[in-house]
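Data first, discussion second: the structure below is written as structure tokens.
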Amino acid sequence: MNVNEITIGIVGSGGDGSITCGELLTKAAARVGLYALLLKSFGPQIRGGESSVRLRISTHPISYQGDRLDALVVFSWNEYLKFQDVLALKTGALVIHDETAEPDYSEKAPLDPSMEARYIHVPFRELAEQSAGDKLAKNMVMLGMISRMLNLPLDDLEKIIYAKFSKKGDEVAQANHKATEAGAEYAAKLNISSEVPTLDWSPRPAKMVISGNDAAACGALTAGCRFFAGYPITPSTEVMEWLMKELPKVGGKVVQTEDEISAMNMVIGAGYAGDMAMTATSGPGLSLKQEAIGLAGMAEVPCVILDVQRCGPSTGVPTKSEQSDLMAAIYGTHGDGVKVVLAPNSVPDCFHVIRKAFEIAEAYQLPVLVLSDQFIGHRSETIDPFDPNLPPVPHRTLAENGQLENFKRYSLENPNGVSPAVTLSTQGGEHLVSGIEHDETGRPVSSYSIHEEMNRKRHTKMYEAMMQFGRVHEFGADDAEIGLIGWGSSLGVLEEAVERCNKLGFKAAGLVPEMIHPLPAEAVQSFIDGKQHVLVVELSYQAQFFRYLKSMLNHTDRMTSYARSGAKTLTAEEIVHAIQQRQETVLA
Amino acid sequence: MNVNEITIGIVGSGGDGSITCGELLTKAAARVGLYALLLKSFGPQIRGGESSVRLRISTHPISYQGDRLDALVVFSWNEYLKFQDVLALKTGALVIHDETAEPDYSEKAPLDPSMEARYIHVPFRELAEQSAGDKLAKNMVMLGMISRMLNLPLDDLEKIIYAKFSKKGDEVAQANHKATEAGAEYAAKLNISSEVPTLDWSPRPAKMVISGNDAAACGALTAGCRFFAGYPITPSTEVMEWLMKELPKVGGKVVQTEDEISAMNMVIGAGYAGDMAMTATSGPGLSLKQEAIGLAGMAEVPCVILDVQRCGPSTGVPTKSEQSDLMAAIYGTHGDGVKVVLAPNSVPDCFHVIRKAFEIAEAYQLPVLVLSDQFIGHRSETIDPFDPNLPPVPHRTLAENGQLENFKRYSLENPNGVSPAVTLSTQGGEHLVSGIEHDETGRPVSSYSIHEEMNRKRHTKMYEAMMQFGRVHEFGADDAEIGLIGWGSSLGVLEEAVERCNKLGFKAAGLVPEMIHPLPAEAVQSFIDGKQHVLVVELSYQAQFFRYLKSMLNHTDRMTSYARSGAKTLTAEEIVHAIQQRQETVLA
Amino acid sequence: MTMVTAATQPLRPEFVPASFKSELKPIWCKGCGNYAVLTPIHKALAEVGVPPHEVAVISGIGCSSRIPGYCATYGFNSIHGRALPIATGVKLAKPHMTVIAAGGDGDGLSIGGGHFPHAGRRNVDITYIMMDNEIYGLTKGQASPSTPVGDLTKTTPYGSMDRPLDAASLALAYNVSFVARCFVGEGAHLVQTITEAIRHPGFAFVHILSPCPTFRGVDEFKEIRQHIEFLPDDYKTDERNAAFTAASRTDGKISLGVFFREERATLVENADILSEKAKAKGKNTIQEIFSQFMP
Amino acid sequence: MTMVTAATQPLRPEFVPASFKSELKPIWCKGCGNYAVLTPIHKALAEVGVPPHEVAVISGIGCSSRIPGYCATYGFNSIHGRALPIATGVKLAKPHMTVIAAGGDGDGLSIGGGHFPHAGRRNVDITYIMMDNEIYGLTKGQASPSTPVGDLTKTTPYGSMDRPLDAASLALAYNVSFVARCFVGEGAHLVQTITEAIRHPGFAFVHILSPCPTFRGVDEFKEIRQHIEFLPDDYKTDERNAAFTAASRTDGKISLGVFFREERATLVENADILSEKAKAKGKNTIQEIFSQFMP
């Protein structure tokens, strides 16, 4: 049977090479223009230890990881048990496992017999030993087998293998390639295609393989970001690591700071001086940056803060995704803070949303917080290559010469709240900036009327930024009765859920705002106003997004919440199930 | 004319002694059992500089500062201009001013003639020179005059003056007392009582004179708090200063830390070990503490955080009040944080609410954040003395011997989420605590199902705390059509506004929740459900409280918001005005 | 109440190193220096002879900060950089307990670097063990404040450029009352030093060179071995300035040993003095304390 | 582009101290030491001869931190303790500017104390002026990390007990490349030292004893005057260990002067080197950079 997409899982312990295999498959798919989405999971160890990948490959664009697996490769059932949550199988799925390692696997397999899994025992080690002379090459054997299932050309695979292993010498590369061939042959002999659906595709231009974190870093680079300061924290560190390597090439400055507080303040210093500046962090770092984020809003310094969310509260589960930094992002700093919050919804969207973040920061002279998460930050996707010729985003409006006399840095003249700025070392633009409430010239004041006026100015900017840049993604049936609202990385699963609903006969549509704060309330309001029932889906035990929507909209009694903790990705299955349940209640 | 309350303002520059005069008047009122409420305002200087007081004295309990002044004492019109906002006059108010300083005051007076102020020129300096031999004693002359207006007995005044000045020697005290007598005599001669309403009262038991910050500190002391760590910040510093002086007397430990982060973590250390522990701060400090507050929730460490709010964002206006830390208090830490938020509504309530905070913290093993503000933190009130014999609040439930075997610090057994704790150095109670997600024994985990269960456990505790301790204050007409909701320090002004509404023929009632988070939603819901229109009043430009209520209630379309920046106290006048406007719209 | 004194015999000989070992299996990499810190801590605790329930081990976040989980004592694996304030709170609440703060170079010199001077000047009587591997291990290999100039790490792809900080020198500038440096390759010295540190009345800092083979290479251990040098036998531990010189050598050698020790009032003692002073003013009942608000 | 070099003549003699004075009238108390720091800063800037628009003065929060408002330069009165990171950001974004960070002992040694070591080891080329009054002025008189033992303050009602920190000694432990101490009573020395500090290529720290008459009494000035002592003429400024000894005297005397100076690569220079190294790998266009993601 030919299909146009397939979802595979691979799980093993330390030396099994599941991750490498997943990465190489993704690259191979990219070379022939296939879409792929790769999720990796690790155990608690720093290095080594169990790991798994989940790979969905498709002929059409995807931003959802798929519900259940079509096929699973298991090197160790013990390890599989640790990843069951994220590697659930379809009924009748193909299970390929290592014969030599655990001979009685089919009995040992902890799968419910009702799943009707079809088991194939493959002597991975043996094949590896024979072909590559090293049984550690067993993941390459597997790579070959899977490539065969996916119809991926072996010569593309060869190139990728050489690129990967050539550092270790041609011999190593060759051995690995041999193992791949052996795997492909074995698969051909098994006639796997008769057992499982085979991917049917025709070649298209090659794609990029990139993670959300790298995409965000690329976005910053092209937007014109020339200053980055950060402190390592999982799952955001790659953004910093990439920029440390690349920004200096275009003359940008990078600093690994002593902590997140320093990073945020350094970014404020650079932003104040005139640079487009950015920092990246995750929950605990966001909490530490809160005071300085308030300063950026008060001093009207453009800057971008990327938060790649993980499970909270506190240290939580650092390697797993959640959407529970929402309220902290919107309201975390004390006082009536000023900022814009955006959320990317996929790997390529990280690129575009970071660019937009810089655009808004510069246009409205305020901090823009981008809420990504581990789910998109760490997953790899094959995507259409970014345009390297995108222009940098426009720099903030600068005061003209005439405005420099008695320069009013916080002039109230412009009804949209934006006051022309100067970059530091402009002659005649000398002025005082402060986190203390100030008048138009920047001097400290404590009068109510100025405080009120300045609050209005700052919040007007936010509102205007929303009017100009606020955007929501809508999808699904035009005459939908059921609405699904989610945010950020849930877009993919919501699209899938909406599609399935419509297939099931529920007329459904979905909405995912790109700008979270200020909320483009009119668009969201008109979306819910037209529906019988709206389900708000999120990975936050507290249902932060649901609460936030209620706080910003009217007639929200038709909204209900589907919210749970993170540490496990959302599936279309559970969402559709939730809708079915709600519909029964609503219609009953 | 005899009245049962009177509101007076005094304004002067550095050496004028307005503050001292206000404080002594308050004490005199307290001695005879009168109720008094004293607000002080200062200019930006550290020491010296302009200052003003606003004093309301009454025969009945008050928690509102009064709208407009019955009488104003001005030493300098220049300085008055800086405090106009907070010292507005009633039509026909009495204005007493210093003859020698500014002879043409009645012309110079920047008051609108339509106010019909009645001016009295008093040769303060001269009287002071004559009576005390020192023209700096002019504030004592004024003290005498005002005491006369208020019918305060001179011998009580004498005792207070001696208590205040005896450190400087009997002579100084005597001179000051003489000046007071001279002022009183002068007032008698002027026959002021015919010009202004005179306070009519009969003596009652003496009261305490105390500020909200001191009251909070007293509350902590009696609750059983034996550990305090903090970092100075306006307007909370007095809490720390008082506890540094008093806690050691009862064996408590106090540390001025290097920053707020350290303070919060030290409190966690002490709380974890078994002490009742507390810190106090204001907005910027709250932001810095956010990460550690999340840890306290995750590790289930009882502790109390007092935030005395000031105007934000960022440094804002440190000496002025606002209610804009609300959302940061509720949601400021990243992840689905765990805490209870309470708000005291008056000076004596600071005492009671801090006690309750410790009670909840211990009962549910979580951080309790108390949101006071500069308005109640810094104002002085005469109040009924606290009961010094109140028992300490009950200590957290400890594991019994049987539970110590294979001790499960985070046992899921109890349906209310509370697991028996141990205090450190209990034999057999050794266990691991962490900010990382953990299982019942405290060991790190990353599984979804445990994360979900533990989130549920932690949030169940919050909910149960609300069910047990959640309380709202309600007041006004039973059959009210109009509802007024506010929070924290707005209780007094709302009570006054409700009363006036009812006099004006709008049937009104008010509600102020003591527990803000989790919101006692049922009580608030039933309050709004019964009303035609509900106005939510607050000092936050963003209307944080209004948004929060919307997010937690249903059928909220009847709620509208009256929200503005702080730096100026709310008046009943503006609230009643807002209601009148809304009613016109609603009824139109 | 078990007081830790300057004794040289175990107070409670019934406790052996295994008494302090928890059931949790460390998930450190093979060859990680931290294994060679964990056992010495257990040994030192047995040597001092305190019961496990009278010990609290407090850490921040990092590979090294996992150590509380591996001790059968009270343990708190807190948040990054905050071991010292938390340990201070514990010590003040339970003055008779033996409190150990532990963590990495990033935890203590970078994000937590602001707390170190103040723990020192307060002379809080805890033992602070810093496992310095010159790298961020847990987050997989970024530069730390002690990474040598020129080294390649994930955040210094072109070589580290900032002058590294020496933890022991800082401790000396901070008036820390016991300052020592050890190397995981010198186990006996490590046990002895940690034992002395625990016995020291006041803040005791033990700087431990504890290599990370995973992110600094497997040769690091041998490298360090070549540069270490014990302080001479006639070294005097009572001169802070000389100690500073010994700790911050510029000849490529790394001194090991106790650089400095001084007995002075500890935070707990000071807290008691404070209480006495406060009580000496009289008016110590709550009733009396409240009377200050009566006009 | 105006580069600050080690010249001894004003680069642009048309600027006089008044060129750097803003119109805002200081609201410091009468007799506050900070007045005697403000004018020397203006004089030093004129002495160096940079135009006001090429100068940025960055502070945290405190009485002393109000200083940017009183300079007719670019100024940022930021949040408590964060002057150094902000100043670092400014310097990296505008390397040709003269960047001064300024603030109090609380700002720099307490809440901001974690940033100081790192500014030092990065050798960020700014001048850091700490006005040490041994107290928290702005919040009205609480103890600071430099408050002497025994002193009564609002938070030490029974006398301060923690050993005070010496800012200059810390700077030396932090590898700061220019470390000096001054006293507001020695105006000429102050002007000269700040001038040298601004000219110093790298991180320059000037520790200024600047009394607060309001919360430490009007006699403090005279007290300090009695204890100061200039470094001897033959003092060598190139030995860090000796400098540490000179800065942290225990004989009751307080040394004034430049304790240490060293020329080494600055953060800005290092950033340039980094750029060169990165570019040397080739593939510097965005197109080329992106190509790493093509399989």
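Letters A, B, C and D mark the chains in the order given here, with residues in each chain numbered from 1 onward.
Everything that follows uses one rule, which is that a residue touches a chain if its C-beta (ideal position, glycine included) is under 8 Å from a C-beta of that chain, and two chains touch if they have at least 3 such contacts.
All values reported here derive from a predicted model rather than from experimental measurement.
Undergrad: Farthest from chain C by Cα centre, which chain is it? Let me know.
TA: B
Undergrad: B-C or B-D: which has the larger count of contacting C-beta pairs?
TA: Per the contact counts, B-C leads.
Undergrad: Could you put a whole-Å number on the gap between the CA centroids of chain A and chain D?
TA: 42
Undergrad: Could you grab the centroid distance between chain C and chain D? Build each centroid from C-alpha atoms only and quote it in angstrom.
TA: The answer is 31 Å.
Undergrad: Return the residues of chain B touching two or more other chains; collapse runs of consecutive numbers into ranges.
TA: 44, 245, 248, 258-259, 261, 284, 291, 295, 299, 314-315, 434-436, 444
Undergrad: Which residues of chain C are in contact with two or more other chains?
TA: Residues 61, 79, 110-111, 113-115, 117-118, 122, 145, 157-158, 274, 277-278 of chain C touch two or more partner chains.
Undergrad: What residues on chain D touch chain B, complex-wise?
TA: Interface residues on the chain D side: 27-29, 61, 63, 79-81, 110-111, 113, 136-140, 142-143, 145, 154-158, 214.
Undergrad: Which part of chain C faces chain B closely enough to touch in the complex?
TA: Counting only chain C, the residues touching chain B are 22, 24, 51-54, 56, 58, 61, 68-69, 72-79, 82, 84-94, 96-97, 114-115, 117-118, 122, 271, 274-275, 277-279, 281, 283-287, 289-290, 293-295.
Undergrad: Spell out the residues on chain B that touch chain D in their complex, using ranges where they run on.
TA: 44-49, 231-234, 237, 240-241, 244-245, 248, 256, 258-260, 284, 314-315
Undergrad: Along chain B, where are the residues that touch chain C in the complex?
TA: Chain B residues touching chain C: 26-28, 30-31, 160, 163, 206-210, 214, 218, 221-222, 226-227, 229, 245-246, 248-251, 253-255, 257-259, 261-275, 277, 291-292, 295, 299, 385-386, 388-389, 423-436, 443-444.
Undergrad: Name, in rising order, each residue of chain D that touches chain C in their complex.
TA: Those residues of chain D that touch chain C are 109-115, 117-118, 120-123, 145, 157-159, 161-166, 169-170, 172-175, 240-241, 244-245, 248, 264-265, 270, 273-274, 277-278.
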